[in-house]
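There are two complexes below, and they share chain A, which is joined by chain B in the first and by chain C in the second.
After this line comes the complex of A and B, so read on.
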C-alpha cells in the first residue's frame, strides 16, 4: 500500500521534511512509527499523536489501505 | 458519502480589532439575540530563561483542524441554545500583544453564552491540531504546548 506521511511543527524540524511517500505492507501504527524513527532518528522520544485520514488512532490500529498518515506534536491552538 | 464543504476558520496573520468590531456590527440585524460573549486570545510576551517571546508563528494540519472546528461547532449547537457562533484562528506570525484567536457566541439569553464560550475555547485548545513556534528576540525559538 501507498502511504503519504505528513509531519507538523517540531517534527518538521526533526525530519527536515513536511511530507513523504512510503510503500509498505500492512502494519500497525506502532510498527510504522518504528520504521519512521529508524529513518528519522530525531523522531525518537518526541511526543506525538498519529492520525489516519484525519482521525486520531491508537498505536495498535492496523493500516491496510492507502492512507494519509499525520504525525501531530502537542497542540498549541489559541 | 459526499463530503460537506467545511468553513475555513483560519486567517493569515493577526486578527485586527477592525475585523472584530465589524463582526459585532454585523449582528445588529439579528434582533432575537440578547447576549454576545467574546473570547480573544492574545500572544503573551513570556520571559523564558531571560529571553522574551516576541511572536508566535502558527501552523496547522488545516484539513483536520477545519474538520475539528466543524465538530466543535456542531457539538456546541447541540449542547447550548445559541443563535450563532463564529471562530477565527490565525496562521503565520502573530506578534506579542496581537490577537490570534477570536471566538464569538450569541444567544437570546446571557447564561448560555458564558457556558458555551468556555466550552468552545477549551475544546479548541484540546482537540484542534494547531502548532505554535514561540519566537524569541534573538530569533531562536521553542514550541508552544497547551496545558
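After this line comes the complex of A and C, so read on.
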C-alpha cells in the first residue's frame, strides 16, 4: 500500500521534510512509527500523535489501505 | 441606544440579533495569559461585548512582547499584563466588566476562579499551565477554548464541551521536559498568535451564540507559511477524564511542574537568593533588553540561547543560581547547566518579576 506521511511542527525539523511517500505492507501504527524512526533517527526522542486520514488513532491501530498519515506533536507556545 | 450602535454591525446579522447580543452581554469568559494569544482574544471579546472578562497573568510587559502583544504600547513596559490589558480594554469598551488577576494561576486558585466564569480560554505558554487549565476545566465542568503555537504553526480546539474530548484525550502525557522550545527560545512572527488567538475568540463567540460548528472533538492545525489548515478528529477517552475527576479532592496539592518532568530542578525563593548572594555566582538568562534589571544581585547576563557557548567561563563546582523573567527559561538553563556538569545549580522562583517585588523592601531594610 501507498502512504503519504505528513510531519508537523518540530517534526519537520527532525526529519528535514514536511511530507514523504512510503510503499509498505499492511502494518500497525507502532510498526510504522518504528520504521519512520529508523529512517529519521531524530524522531526517536519526539512526542507525537498519529492520525490516519484526519482521524487520530492509537498505536495498535492497523493500516491496510492507502492512507494519509499525519504526525502531530504538542505545542505549548502562546 | 449608545451600546446598540456599538454592536450594530453584529446585531444586524440575522443569526445574532438583539437576543444574541444579550447572550454575549450575559456571558463571563476567563482568559489565561495576556500574551501573544491573550491579546487578540481579549481585544475581540471585549469589542464584541462579552459582559464579564477575567484576565489572569503574573508577568510584566517587556519591549520584546510589543511586536505581537498588540494591546500594549511603550508606555506599558514594566507593568503587569493583566492590569495593563484591563486599562486598555476599558477604553476599548467601557460598558463591560473586566476583572484583572495580576497573579500566577495555581492549583490553589484555579477551581474557585474557573467556577465564576462560563468559558475558559487558554493563552498560556507552557505545558504545566496547559495541563493545569485542562484539569481544572474538567473538574469545574467548563468548556476550554485551546490555542497554542510553535514557530510558524498553530493549533486550535475546543475541549470539554458537550461531552467532547479533553486536552488529555489528545495528549495524555506531557512531552519530555525541555524537548519543545518556547517562543522566547526559538522566536515567533507577530501575526501568527494574532491569527490563532482570533480563531480562539471566534470559537468563544460561536459557543455563546450557538453558531456554526464549534471545533469540538477536532484539532485544527494551521501553517502560516503555506497558509494551509487541516483538521483532525479526536476521540473522547473516558479513562483519561475519570483519572482527572479522581484527583478533584486533592487538586490543590497537585504539582503540575512535577507532572511535566521538571521536578529535579532546585528552586529557591527570591528572599533566599538575596541571603546567599555573596556566596554564589548568579546568571540572568534573559535577553539584554529585558526589564526590570536586577542589579542588586550583580548577575552575569547570558541570554539562554547563547548559554551553551559560554559554559567554559564558569566554575562548575561553585554554587550557581539562575533567573529569567518569570522562572520558565531559568528551568531550561538549569537543565543545560546540570547536563554540562555543574554541581550545584538552582533557579529563582518567579524570576525577575518576583525579585523586583521584594527588592524595595530589602533595600529599605538595609538603609535602616
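FYI, the second predicted complex is superposed on the first by the 74 of 78 C-alpha atoms of A that agree within 3 Å, B and C clash if a C-alpha of one lies under 4 Å from a C-alpha of the other, contacts with A are read in each partner's own complex, and residues count from 1 in each chain.
As a convention for this text, contacts are C-beta pairs under 8 Å (C-beta built on N, C-alpha and C of every residue); 3 or more make two chains touch, one makes a residue touch a chain.
This is a predicted model, so every value here is computed, not measured.
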Study note, to complete from the structure: Per residue count on chain A, the busier partner among chain B and chain C is C
Exercise for review: Considering only touches as defined above, state whether A:9 meets chain B (first), chain C (second), both or neither.
Suggested key: both
Check your understanding: Between chain B (first) and chain C (second), which, if any, makes contact with A:51: first, second, both or neither?
Key -> both
Check your understanding: So, A:72: does it touch chain B (first), chain C (second), both, or neither?
Key -> both
Check your understanding: If you lay the two complexes on top of each other, which residues of chain A touch chain B in one and chain C in the other?
Key -> 8-10, 51, 54, 70, 72-78
Review point. Within the complex, which stretch of chain B touches chain A?
Key: 41, 58-61, 63-65, 67, 89, 100-101, 121, 124-133, 143-146
Study note, to complete from the structure: So, in the complex, the side of chain C touching chain A is made of residues 33, 35-38, 122-127, 130, 147-151, 153-155, 170-171, 173-176, 179-183, 188, 193, 219, 221, 223, 230-235
Check your understanding: Of all residues in chain A, which touch chain B in the complex?
Key -> 6, 8-10, 51, 54, 70, 72-78
Review point. Which bits of chain A are touching chain C when the two form their complex?
Key: 8-10, 45-47, 49, 51, 54-56, 70, 72-78
